[in-house]
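What follows is a group of structures, each given as C-alpha cells.
Presented sequentially are two complexes of subunit A, the first with subunit B as partner and the second with subunit C.
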Partner chain A sequence: MSEILNNSGLFLALLGAAFATFMAGIGSAIGVGKAGVAAAGVLSEQPDLFGKVLIFQLLPATQGIYGLLVGFLILSNVGLLGGVEEVSLLKGSLYFAASLPIAFAGFYSAIHQSKCSVAGIGTVVKKPDQMGKALILPAMVETYAILALLISILAVNGINGIQV
Partner chain B sequence: MAMLKMQRIYIYALLKYCKDILETLQRRGVIEIEDMNLEDSVFYKDDTSAFQAQYQRLASTASEANGILSRYVPQKKGLLSSFKGRKQITREKYDELVDETQDILRIAYDIISCQKNIDTNEAEKIKYQTQLDIIQPWLSLDVPMNFTGTATTKAFIGKFSGPKTSTEIVTELAQIIPDIEGIEVEIIHSDQNQTCVFILTSKKDADAVSDALRRIGFEYPSYVSPVIPKQREKEINKHLSNRDGRILENEKNIKAYAKYAEKLKFLEDYYIMKAERYAVYDDIATSRNTFVLSGYIPEPDADTLKKYLEENYDAEVEIEDAVNDDAPVKLKNSKFTEPVESVLATYSYPDKHEADPTSIMAIFYYIFFGLMFSDAGYGIVMALACGICLLKFKGMEAGLRRSMKMFFWCGVTTTFWGLLFGSFFGDAVSVISNTFFHTPPPDIPGLVVPIWFNPVDEPMRMLMFSFLLGIIHLFTGLAIQAYNDIKNKEYLAIIYDVISWYLLVGGLILALLTMDMMQNIAGFTLPPIWEKAGLIMAAVGAVIILIFSGRESRNPIIRLAKGAYGLYGTTSYLSDILSYSRLLALGLATGVIATVFNKIGSMMGDSVVGIIMFIVIFIIGHGVNIGINALGAYVHTNRLQFVEFFGKFYTGGGKAFKPFKINTKHYTVKEEN
Partner chain C sequence: MQQNDYTYAVARIRFKETKLLSDADLDALLSAKDTDAVMRLLHDKGWGDGTSHTSDELFSMEEEKLWSFVSECIDDLSVLDFLRVPNDYHNLKVAIKCITRDIEPNGLFLSDSVSDAEAVYEAIKNRDYNALPEYLRDAAKEAMTTLLQTSDGQLCDIIVDKACMEHVYRLGKESENDIIRLYCELFVASADIKIAVRCAKTKKKIGFIRRAMASCDSLDIDKLSSAAAEGYDAILSYLASTDYRSAIDAINTSMSAFEKWCDDDMTAVLKPQKWEPFGIGPIVAYIIARQNEIKAVRMILAGKVSDISENTIKERLRSMYV
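Moving on, here comes the complex of A and B:
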C-alpha cells in the first residue's frame, strides 16, 4: 500500500501537466474555432481583410500555449523528459495544485476572449481603421490567463526547490 | 515630442487659375481644405457632382478593363509585391501619359466590348449545347421532330420517363382504348431515364390516342428540331465552332492589348485624381472671375506654398495661426520614435492642449516589446527581415514603412534583452552542442550563458524587475500630466493630481519594501527607517487627494466624498502595477516554448535522420513561435501603453491632419521642387 502511495506522486505530477495542457488547450480550441468561423464569414465578402481577421482569430490561441508551458515545466521538473526522479506523494500533489490556475483560467478566458474577438472582427469589417482599439478589448480578457500563468509558473518553480 | 503648429490659409485667385492651383495643391498634399460655407450675392458654389460621377465612372471603366486584361494575360505579382508600393513616375512622364489618355480610354472601351462579345457568345454556346444534349437520343429518327403526320396519319413524337418497350406501351394503350387498332410504336431510343418514341396512328383516332398517351405519361420534348435530328446536329456543331472562333478572335484582340496594362492603371489613377479634384469644388466659393479657398497648413510648408502660388498664379495668400480647437493635428517626431505614431493613431490623436506622447511612448514601447519577445535569435530574424524589406523596397507605402521601422527597432531591443537573458532560439546552442557534438556548450555570453540572469531560473527577480519598469512607466505618465498642466498654466493641479500620487504610491511602495516578506520575494529589505518615511509620505499624499481631488465641487460634503472616491483610485494603481507581470509571463512563454521545440527536435538523437528532423522541427517550430509570440508581444505592449500608461494622463480626441493629396492606387508623381 505504501509503495502505491509513494509511486502515485509521479502520477499526480503527470496529471497536473496533462490537466494544464488539455484544459487550456480545449479552451483555446473552442475560442479559435469560434473566432475562425466569424473570420471565414468575413472573407467571403472582403478577402483583403484576411491579415486583420487572422490576428483576431489567433488571440484566443495563447491560453493553450500557456497550458503547454506549465505542462512542460512540470514534466521537465519531475524528470519525465529524461532521468526520472523520485517524486513523493506530497510533491506530486503540489504539482497538480500548481497546474489548476492556468487550467481553469486558461479554459474560461480563452472562450470568453473569443467572444470579444468575434465582436472585434465585426468592428474591423465595418471600420478597418479601428483595428487598434478593437484589438485591445479581447486583450483585456487575456490578462487573467496571464495572471494565472504567472502563479502556476511561480508555484511550479517553487515546488522544485523544496525538499519533501 | 512635438505637434506641428497648424496655420489657417486663405487663397484668393482668379478663376482661370483655379484648375492649375488645385492640381498644385493636390500634388503637394500639404493643405487640408475646409468648407468655406460662403454663399451670397457674389460668391456661389459650383455644383460639380455630375463631373465627379463621370470621372468615377471612367476610373471604374479603366479598372474593369484592366481586370479583364489580367484574366487573359496574367500579370506577374511577386510574393512580396505588397511591399513594393506605388510606382513613382516623373512629371514629364506624367504629362506624356496624360496626353495619351483619350487613346487609352478607347482601348479600355474596346477591351470591355470584346469581353461583352465573349460573354454573349458563351451564352449562345450554352444554348446550343443544351439543344445538342436534347436531340442526342433522337439521332436515329429519320423525319424532322416537328413532323405531325401525313394526310391520313397522325404522328406523335415524344418521350416517356424511364425505360419502356414497345409492347409495354401498346399494352398500356390497349387497356385505355381497347377498340382502337393499328397503333404503331417505334422506340427511337431507350435508357434508364427516358424512352423516346415515334407513334403513328390513323388521323381519325388522333384525339383518342393523344388523350390516352397523356394518361400513360407521354410528353413532348423540350426542344423540337425543325429538321431531321442528324442534320440539326451538324448545324449545331457548325454554330458551336463558329462561336468558338469568335471567342478566340475576341480573346486575341484583348491579348493584343497586353502592353497597355500599365497605362490602364495610370488611366484609373488619373480619373480618380480628377474626381477628387472636382470634389474640392464643393468646398470652395467662386464668383464670376475669382475664387476663395480656405484650409489648414502645417507651419513649415506655409511659406514655400505662399511664395509659389503668388509668383506663379498671381494669387493672394493669407496665413494666420489656427487658434480654434477643432484644427487638425499633425505630429513631428524623430526618425527613431516616429514609427510609433501609428500606434498612437490607433488610440487617438492628441488634443490641442496636451503634449504629443509619441517619443516617450516609443522608448517604453521598444523596451516592453523586447522584454516580452526576449530572444536574441528571434530579434535578429525580425530586425533582419524588416531591415531587408526597408532597404529593398524603397517605394513602400508610408504606413507600411512605419510599421516595418517600428518592428525593426522592436527586433533590436528583442535581441538586446535576449542576450541579457541568455536566450538564442531558446537553448539552441546547448542542445545542438550536446546532441550533435557530444560536448557541453562553450560559455558564450549572451547565446549560452546569460549576460545578466536567466528569468526561467529566477522568475521572482524578473517579476520585481517587471514591477520596477511598470512603476517607472506609470510615474512617467504622471510626469507628462504635470507637463500638460504647466502648458495649460494650471500649476496647482500639479500638486493636487501628480505630486499627491507620487507621495501616496511611492510612500506605500517604500513602506512595503521594509517588510520581512520582501526578503523572500525580492531578496532584500530596506532598513526600518524607510517604513516611517514611506508612511508619512503616503499619509501626506492621501490627505491632499482626499481634500483636493473633488475641488471642482463647492459643497464640502460632496467634495469630501469625491476625495474619498479619488483615494479609492489607489487600488487601480495596485492593479496597474500587477498588470506589468505580463512582461515576465510573456517573456517566459517565448523562451520555454522555444526550449520545447529544441527538445522535440533533438529527440531523434545524433544521426542523419536526427539532423534532418532537427532542422525541419527547428524551422517550423521557431517559425510558429515567432508568429504567435510576436502577436502576443504586440497586443500586450499596446495594452500597457493604452490602458496603464495613457490612463494616467492622456485624453486624446484630436483630429488627424488629412491633406488634399493624390490618393491613387498604382502611381505617384514625383515633384521636382
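Moving on, here comes the complex of A and C:
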C-alpha cells in the first residue's frame, strides 16, 4: 500500500505533464487545422497570398508549444529525464494542479484563436493592406494562453522549491 | 465544434466577393454606348470564357459557373435545394406544356435543378409519374390531368407554382439557418402578394385566389385572399397591418417595382454575411448576390437593346451586395 502511495506522486506529476501537453496540443491541432482549411480555400483562388495566410494558420500553434514547455518542466523537475527522484503524493498532486492552467486555457484559446484567424484570413483576402490589423485581433486571444503559461511555469518552479 | 461550418467554402467566397459587380461597375455598364461595349466590359470583369457569344449564352454560362463553383466548395448541395427546386417546378411546367402541345422543349429547360429535366420530361411523356421524384409526383399528376381536362394553362401553372411555394417553404422550415428561413418566408410571401395583386386586377374569384396561394407565417392568406377578391385597395389596407407595409409604395408603382423591393429587402438582410466567417449564410448570400448581379446585367443589356434611357434602367436595378 505504501509503495502505491509513494509512486502515486510520480504518476500524478506525469499525468500533469501529459495533460498539459495533450490538452494544449489538441487545441492547437484543431486550431491549426481549422485555419488551414480556410487558408487552403484562399490559396485555391489566390495562391500569392500563401505567406500571409500561413502566419494566420500558425497563430493557434503556439498553445501546443506552451503545453509542451510546461510538460517538459514537470518531467525535468521530477527527474523523469534523468535521475528519478522520489515524489510525494502531495507534490505530485501539486504538479498536476500546476498543469491545469495551460492545459485548459491552451485548449480553449487555440480553438477560439483559430476562429479569429479564419476571420482574419477573410479580411486579408479582401484587403491585403490590412494584414497588420487583421493579425492583431487573433493575437489578442494569445494573451490568455500566455497568462496561463506564466502561472503554470511559476507554479511548477515554486513546487520544485518546497519540501513536502 | 460544429462539424461542417463551411470554413473552406466561405474562404473561397471571400475572394469571389471581391469580383462581384459593385454599384460603380453597374454605372459603368449603364454608361456604355451599346451592347457590344457592355459585353466588352463584362469580359474584362471575367464574365464568359473569353470567346464571343450572345448575351443569353453569357448568362447561362455565368449561372453554370456559379453552380459549378458552389458544388466544388460544398460536398452536399441538398442544403441549397431551396434555391434549386424552383427550377425543377419550372421544368415540370415546361415538360407538361410541351407534351400537351406536342412541341420539343429545346432550350426551355433550366439547368441547376435538383432533378434532371430530361428525366422529368420522359416520365411525363410516358405518364410514368412514379419515375418522377416524390416531391414532383402529385403536382405533375394534378397539373397534367387539369390541363388535359380543362385546357386551362393558368390553372396548370397555379397548381405547379403552389406546389413549388409549399416545397420551398417546407425546406425553409426544416432549415436551422436564419437566412434560409427568412429567404423562404420572403419567397412565399412575395409570391402570395403578387398573386393577390394580379388576381385583384383581373377580378378573379376567391376560390381561384385561395387555390393559388400558399401559407406562410408573415401573412394570413385567408385575409389576403379575401382582400384580393374585394379589390386592390383592400389588399393595400391589409398589407398595411403586416410586415410588408413598407412595400406598399412599390406595389402601387408596379409589379416590377415590388420585385425590386423584395430583392433589395433580401440584399439588406444578407449584407452582414459579408463579415460572417462560418456557416452556410455567406454561401447563400453569395449565390443570391450573383443571381441578382446576372439579373441586373440582363436588365442593362435588355435596356440597351430597347434603347431605354439610363435613368429608367437604373430605377429598376437592384441594390448590389458589395
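In this text, the second predicted complex is superposed on the first by the 164 of 164 C-alpha atoms of A that agree within 3 Å, B and C clash if a C-alpha of one lies under 4 Å from a C-alpha of the other, contacts with A are read in each partner's own complex, and residues count from 1 in each chain.
The rule is simple: a contact is a pair of C-beta atoms (placed from the backbone, for glycine too) under 8 Å apart; a residue touches a chain by one contact, two chains touch by 3 or more.
This structure is a prediction, so every number in the text was calculated from the model and none was measured.
Enquirer: Overlay done on subunit A, so just call it for subunit B and subunit C: clash or fit.
Expert: They fit: once the shared chain is superposed, the two partners occupy separate space.
Enquirer: Once both structures sit on top of one another, what is the angle subunit B-subunit A-subunit C taken between CA centres, to the nearest 10 degrees?
Expert: 50
Enquirer: Just checking: does A:Ala119 make contact with subunit B only, subunit C only, both, or neither of them? Give me first, second, both or neither.
Expert: After superposing on A, A:Ala119 lies in contact with subunit C but is clear of subunit B.
Enquirer: Touching A:Leu69, do we find subunit B (first), subunit C (second), both, or neither?
Expert: Once the two structures are laid over each other on A, A:Leu69 reaches subunit B alone.
Enquirer: Give one of first, second, both or neither to describe whether A:Val164 is in contact with subunit B, with subunit C, with both, or with none.
Expert: neither
Enquirer: Taking the superposition on A as described, I'd like to know which of subunit B and subunit C A:Ala39 touches: first, second, both or neither.
Expert: A:Ala39 sits against subunit C, while subunit B stays out of touch.
Enquirer: Between subunit B and subunit C, whom does A:Ile30 touch in the aligned arrangement: first, second, both, or neither?
Expert: In the superposition, A:Ile30 touches subunit C alone.
Enquirer: In the overlay, answer first, second, both or neither for which of subunit B and subunit C A:Leu154 touches.
Expert: First partner only.
Enquirer: Which one hits more subunit A residues, subunit B or subunit C?
Expert: In the superposed model, B touches more residues of subunit A.
Enquirer: Taking the superposition on A as described, I'd like to know which of subunit B and subunit C A:Leu135 touches: first, second, both or neither.
Expert: first
Enquirer: In the superposed model, how near does subunit B get to subunit C, counting Cα atoms only, in Å?
Expert: Value for subunit B versus subunit C, nearest C-alpha atoms: 10 Å.
Enquirer: Once the two structures are fitted together, what part of subunit A is touched by subunit B and by subunit C alike?
Expert: Comparing the two interfaces on subunit A, one with subunit B and one with subunit C, no residues are shared.
Enquirer: Mind listing the subunit C positions that touch subunit A in their complex?
Expert: 1, 7-12, 14-18, 73, 275, 277-278
Enquirer: Show which residues of subunit A lie in contact with subunit C when the two form their complex.
Expert: It comes out as residues 30, 34, 37-42, 44-46, 111, 115, 118-119, 121-122, 125-126.
Enquirer: Write out the stretch or stretches of subunit A touching subunit B in their complex.
Expert: 55, 58-59, 61-62, 65-66, 68-69, 72-73, 81, 129-133, 135-136, 139-140, 142-143, 146-147, 149-150, 153-154, 157
Enquirer: Flag every residue of subunit B that touches subunit A in the complex, lowest number first.
Expert: Contact set of subunit B toward subunit A: 343, 345-347, 459-460, 463, 578-579, 581-582, 584-586, 588-589, 592-593, 595-596, 599, 628, 631-632, 635-636, 638-639, 642-643.
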